[in-house]
Amino acid sequence: MTATATLSAPLATGKRTRRRAGWLGTVPYVVIGLYVLVGMVGPLLLDYDPVHTPLEDRLLSPGSTTADGGTAWLGTDDLGRDVLAQIVYGARTSVLIGVATVGISSVVGLLLGAVAGFARGWLDAVLARIFDVLLAFPAILLAIVIAGAFQRSVLLVVVALSATAWISFARVTRSVALSLRERAWVDAARVLGVPNRSILWRHVLPFTAGPIVALATLEFALVVLAEAGLSFLGIGLPSSTVSWGQTIANGKTYLETAWWISTLPGIALSLLIINVGILGDQLTARYGRGRRDP
Amino acid sequence: GDDTADAGDSGEAAGGDVVAAGTYPIESLDPHGAQGASTGTQFAGQAIFSRLVRPAPDGSLTGDLAESWEPNADVTAWTFTLRDDATFSDGEPVTADDVVASFERMITLDGPNAGNFPEYTMTAASDTEVTITAPAPDAAVPGKLLIFYVIPVGVAPDDTAFFAEPVGSGPFTVGAFTPGDSLELVPNENYWGDVPQVDSVTVRNIPELSARLTALRTGEVDVVWGIPDDQLGALQGEDTLTVETVPSTAVYTMWFNSSIPSLTTPEVRRALWQAVDFDTIISTLYPETGTLAEAPVSPLVLGYSPQEPVGYDPEAAQAALTAAGFDFSQSLRLQFANAEFRPFIQAVVSDLAEIGVTVEPLEKEQAVFTEDLLALNWDINFQQLATPTYDAASNLGRLYTCAAGRNGYCNPELDALLAAAGGSADEAERTDLYGQASEIIWRDAVGMYPMAVSLAYAWNSDLEGFTPDPSGLPDFSTVTVSGS
Amino acid sequence: MIKLILRRLLIGVFVMWGAASLIFVIVRVAPGDPATVMLGPDADPEQVARLHETLGLDRPMFAQYLSFLGDAVRLDFGDSHRLGRPAMEAVFDRLPATIELTLAATAIAVVVGLTLGLVAGGRPGGVVDRVVSAATIALQSFPTFWVGIMLILVFALGLRLLPSAGVGTPQHMVLPAVTLALPFTAIVARLTRSSVAEAMREPYVQTARSKGLTEPQVLVGHALRNSLIPVVTVVGLQMGALMGGAVIVENVFAWPGLGSLVVDAVANRDYAVVQAVTLLIAGIVMVLNLVADLLYTQLDPRIRMEGAS
Amino acid sequence: MSLLEIRDLRVTFGRRRDPFVAVDGVSLDVGAEQTVGLVGESGSGKTTVARCVAGLQRPDAGTVTFEGRALDRVGRRPSPLQRAVQMVFQDPRSSLNPRMSIDAIIGESWRTHPSAAPSGDRRAAVHALLADVGLDADVASRRPGDLSGGQCQRVSIARALAVRPRLLVCDEAVSALDVSVQAQILRLLVDLRRTHHLAMLFISHDLGVVHQIADRVAVMRRGLVVEEGPASDVLGAPQHEYTRALLDAALDLDDAGSVTG
Amino acid sequence: MSDVRTARAGGSPVAQHEALLQVDGLTVDLPGTRGDLRIVDGVSFDVPAGTTVGLIGESGSGKTMTANAIIGLLPDGAGTGGRLLWRGEDLLHAGAGRRRKARGHEISMIFQDPLAALNPTQRIGRQVGEILRRDGVGRGEVRRRVVELLDRAGVPDPASRAGNYPHEFSGGLRQRAMIALALAGNPSLLLADEPTTALDVTVQARILTLLHSIQQDEGLSILLVSHDLRVVANVASQVVVMYAGRVAERGPAPAVLRRPAHPYTKALVRSVPAVRTKTALADPLPGAPATPANRPAGCPFHPRCPIAQDRCRSEVPAVREVAPGRFSACHFAEEVLAP
């Protein structure tokens, strides 16, 4: 989960140039918007009860007709539950986990990183050591230990994944804050006598938004994948929760005989992640290093 | 697939090497230690060591090291007469001292197997006779000894070096062992019985099912067991494979927690049982590996006595529940511990939801599951209960007494029946007594007993003499490989 | 240089202490009792109590912590009662396989990733760049286990080219290493790409061009080395993550590494093994980071000198 | 008593074991409404002195007093002192927060020092202030990114003036600007000095510029003031050898061909 | 200056004042946010052999782009027009291979920030000698020549300093190393893009002297890009003044700076203060310099011009010879020129 620690102090000083990415640049927004829409509206249109298992419909291939006369557009799983509905409902859980994890870790990371980078001193030193300690564990390993040790729940998965995810945010924020405190406008504010709190709030934090958002998209992708990984190992989410990870992991033994159970949610997951990744790339190009001032 | 001559097949001497992939890792070869009760160690144990008795395919006991055994009058002591031609792989004869020392080592190590023999002692009456004394009458001693393996005298409890190259009196010795990964067995040339004809048997742990079955189909592996129903079809299509299922000693057991107010009455418990269409669930999810159970224990087990099936009748169930004043607003916690059972559990939950009973499936880590199980911190508990001793004593006799308190059910009448059965050495009488006990358990619906489990095996047709084992512990000593 | 290493080692000691404490707390706060798991539901309470005593779990938490630390310093994490042998021994049994797999994956990722990144970064915005960017995003977006199983079905079952699982011949390594390497390759490629693209905008590249060098000469002669610097750091950092990712891959391919060991150990509350594995990996990660740091200072003469003074 | 008195200022950077002495005992006075030019080569410690005066850098030794009152670090200065000393930085763009409108930037000065805030209409006050530095009123709603370098520098000056300072520290305030714009800002500074009764510590490496606007000049070298005196003396008839070398190296338009000749 | 002088190896000495390079109507277009931008717009001037031509103008006036166009190192997507006659051969329309061969060997370049322009991970000697190595010169010979070049550029103790990394050099030394690097291929024209802007005055003086002495010794032509009039005044014999991507004025340096023929040049000259005498503040030009992105119609300078007329707002003034050797792009050049 530290794969993206390559964002370094970005900072636009001059006028921001909007890159003309053309219509291609809007694809990720459209796709992500579509997912959000489906996640919000889909459950209203599609009826899915994870508890209900019409066994007579099990393992139907995409497009088959179910016993009650409906059509399983994307097939059914080993308990006869509709795969399309699972994808739609799973979007909620997966996106929720992704958003919650990224939300928690970005807030924690932002606060700690900004304070550490801006105040430096002992707080910075303590935080640096905490980074060191947590970075010594591969993220997934720590997640496995935490998720495997406690009672399953969505919250636990969020906590397990956040345990290391916040570090990337803290590191990026810290480096941004560190470079910002050398900025002349921060010095100017200090000479003016602006209190540190306001400096942090007005002159430092706004500039972390770009890189943080860029990082958040990358982390989001990693988190959703990590959830799938935990589901594969059979730890983390309760069995009654519908998530892409769960559905993909459930269908893993049917990859040869009923490929759709695993593959279709997998494609849904990958499509989202690809688009979030492209969005992240765009944002990184804009806020991360590598941008040129005109 | 058409042949086995693929990458990964280690066959230099064509046909001499057998590779098997089980469902479990073999972590330790010490049958007396902490892993002693684990399937992996049991498998290794019966290949490398001898026992006093062993199960016959029909579930009855036959002698292994013991030629014969009999109890004393009040069934508190059992005397086993040992055969005199048994030797260890280093050529030393197996004596009563070895047996006693092994027993004592098992007790000293205080592992899970020792729990079967609290305050039991074993003495050597002569070079070929050992006596095991129980603190109370115990007819199940021979069955319990199925998990007792004999090693040479003089191995200290913490001697890990011995198990790096163990000396045993079983048909095989250890060729190579990587804990948790693979165990290579080679024939024990000094085996007192028929020396196995294969060159080697390697048991590998391939946890991921797809990989395991692929390995079987490509010929990397010759035998696989524990195959889920949905995967059997693909294997049956392969003409080089033989696929068979064998009834096991395991029964899906779903205890109700009779100590909680809403489940105290048998009517409620029975109604819940009636509400689940187990017949359909089993025939769709487990067409090959499951049959509707007819008793709390498997037909292979001594004490099996078929009961009248509980028919699926949701209306009657709902009516009964309403009549009994069942609180439909409450949700019942159904705990289980293995992802493998998820589909089954979900199907059950689905059926109960149909009549308005909310059940919350709780998949728990093994550690938490066991703790909660003992603390009765559940409303319905799902377990696949096997009876490795092939004797109802270690299932019914142990789990259903008031003293055991394992499911909140307490019935003095049942206690008396179980005690009597445990104290009798007469098989017919015991079967009868356990039959009566089963009837009470069944009638009072201490739990739901939906399914007797069969174990599916698939093996390369080149293997001859391979017999699927009910406990998932196949015996490779009789296997031969026909030349290809 | 020596001073730098010493300083880092000192921090390392602190980090290991932190890591050890963290793991100690996590495993002990977690519900579930190792004795119950080990002895099964049939054990009587006395037997459980006896096992608690053997495992030292009856002592006050702080005493346990102190003796745990004391032993850990000597790399002794106690016996795994479950495995009936010292935890460290069990871990060392599995470690080589994991390291082998990690190294193979790293090699693949570095070679392929660097090449792709170099080609793409040499001409940012070009066709190759776009294709590589798209491909690398795609590579990172499939769940590892799904990719692994698909590879097994295609290469082992379908094409019968490679063995499906386990160890033995070098061929056994191919699928797991590739599976593990895929997302890592993407990371390396993307990082190299951006780093090369950035280097190509540096004035010294312009200087190189003003000498009349061809683009490939500029790319390899001037941009590559400078862009390697961040790549080396990230590869070092990522090898730790890779060892983590190996857990899942090992499960898919029955690779006898630390993966299944740690998953089983967590499930069975095998404290000794959990602690040994995590701390060993933490130690390795730390050493890798140190090596990456030192390599970094070696690659970048500016830092090398600062370190020297 | 001078307005600003710097006595034996000493600043070191770096590790404890081998500290780098950036300023090594500098003493300097700036009288009321006086402009003191500070010149010297790169790294001689000019900026460090300026930052000490502004309170951005804590000196290791020495004192900085303003009207006899000690100037502590920023944040520890009483508000009137904080107001009294303001600074204009080298890079006109980065000394303004790009996310804030000019309005907000100037408003921040007043928010921080309510005592300096205008009593009446703030908008009008902002416009008046902008007019003071030669900017149109419509600049108020814009952001720094939409302004040229010269305009940004004017805004920086306006921000400083908003709190009615007594001393303006200009660290290379015109160095980054084009010659034609540099001339504009210099003219502005000179005018403001008069109208606002400002004293200035004017740092520059351009001897010509310093000669144009400074009353007195101090020459720094390696953390030391090597020569100090009235501008015409120091730059017209340098006493110290280093000042002479500096002047020799400086090019003039007039003696074109000094290199080619 | 230096005692050790390297004789120019080979290459026919070019007669003085024969145009080595003729820039003829050079245009450079760069892709911008709103379509292509004409960054350099019809720039013409000559660089005679063996002389220094100063190219001055304020930030963004297109000086660097002009120099980059000459050496052929424009950013991707740049479009060019006009001609670059190099000894009579149009380099602008020559093939990529020909252009590359010219780089370093016929035309080379030094940059404003020598730290950034030197590869931080390579030793100085290696960077200086790279062009020789690529030419197939033997190892020992490369070493010898590198030491000689560094020595020529005034790097003290060149043999051992060749083994240093750029960050171990001071600013002045870096620029000297950069000069050595640029001279390695024996070029005839050296493009110097603000070579002393980042340096202290004392160092600047030394570098300028060095450049001059090298030019004297080797008959090198220099195109010196600078925004500092004083630098240009002191080293250039010809000067080209640019404003918003166009030539405002060009001619012999002393004449242009003493008696400008363009109001812009005039304002520039006036805003340069003298060092040794106190000069009064000049009345500054109003407004900000025009850039190629917002170039006013007509004469680009008219919004700031004190003598602008209606004509200036609509009619683009051509660069014309207003006096012998003096070229100006002002409709009223003659009036400006008149004393």
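Going in written order, the chains are labelled A, B, C, D and E, and every chain counts its residues from 1.
Just so it is clear, contacts are C-beta pairs under 8 Å (C-beta built on N, C-alpha and C of every residue); 3 or more make two chains touch, one makes a residue touch a chain.
As the structure is a computational prediction, the values presented were derived from the model and not from experiment.
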Intersection of contact partners for subunit C and subunit D: A, E
Chains contacting each of subunit A and subunit B, listed by label: C
Pair of chains joined by more contacts [C-beta pairs], C-E or B-C: B-C
Centre-of-Cα separation between subunit E and subunit C, whole angstrom: 52
Distance from subunit C to subunit A - Cα centre to Cα centre, in angstrom: 21
Distance from the mean Cα position of subunit E to that of subunit B, given in whole angstrom: 89
Whole-Å gap between the CA centroids of subunit D and subunit E: 32
For subunit B, residues that touch 2 or more chains besides their own: 208, 210, 365, 368
Residue list for subunit C, restricted to those that touch at least two other chains: 31-32, 145, 149, 153, 157, 251, 267
In subunit E, residues with contacts to at least two other chains: none
For the subunit C and subunit E complex, residues of the former touching the latter: 125, 202-204, 206-214, 217, 221-222, 225-226, 229, 299-302, 305
Complex contacts: residues of subunit E adjacent to subunit C: 71, 73, 76, 100-105, 108-109, 111, 113, 116-122, 127, 130-131, 134, 165, 167-168, 178, 181-182, 184-185
Of all residues in subunit A, those that touch subunit D in their complex: 12-16, 183-185, 187-196, 202-203, 206-207
Contact set on subunit C toward subunit A in their complex: 11, 14-16, 18-19, 22-23, 26-27, 29-32, 133, 137-138, 140-146, 149-150, 153, 157, 187, 191, 194, 197-198, 201, 230, 234, 237-238, 240-245, 247-248, 251, 262-263, 266-267, 274, 278, 281-283, 285-286, 289
Residue ranges of subunit B in contact with subunit C within the complex: 1, 6-8, 10, 25, 27-28, 30, 33-35, 37, 110-112, 114-116, 118, 160, 163, 178-182, 204-208, 210-212, 214-215, 217-218, 220, 365-368, 370-371, 373-374, 398, 406
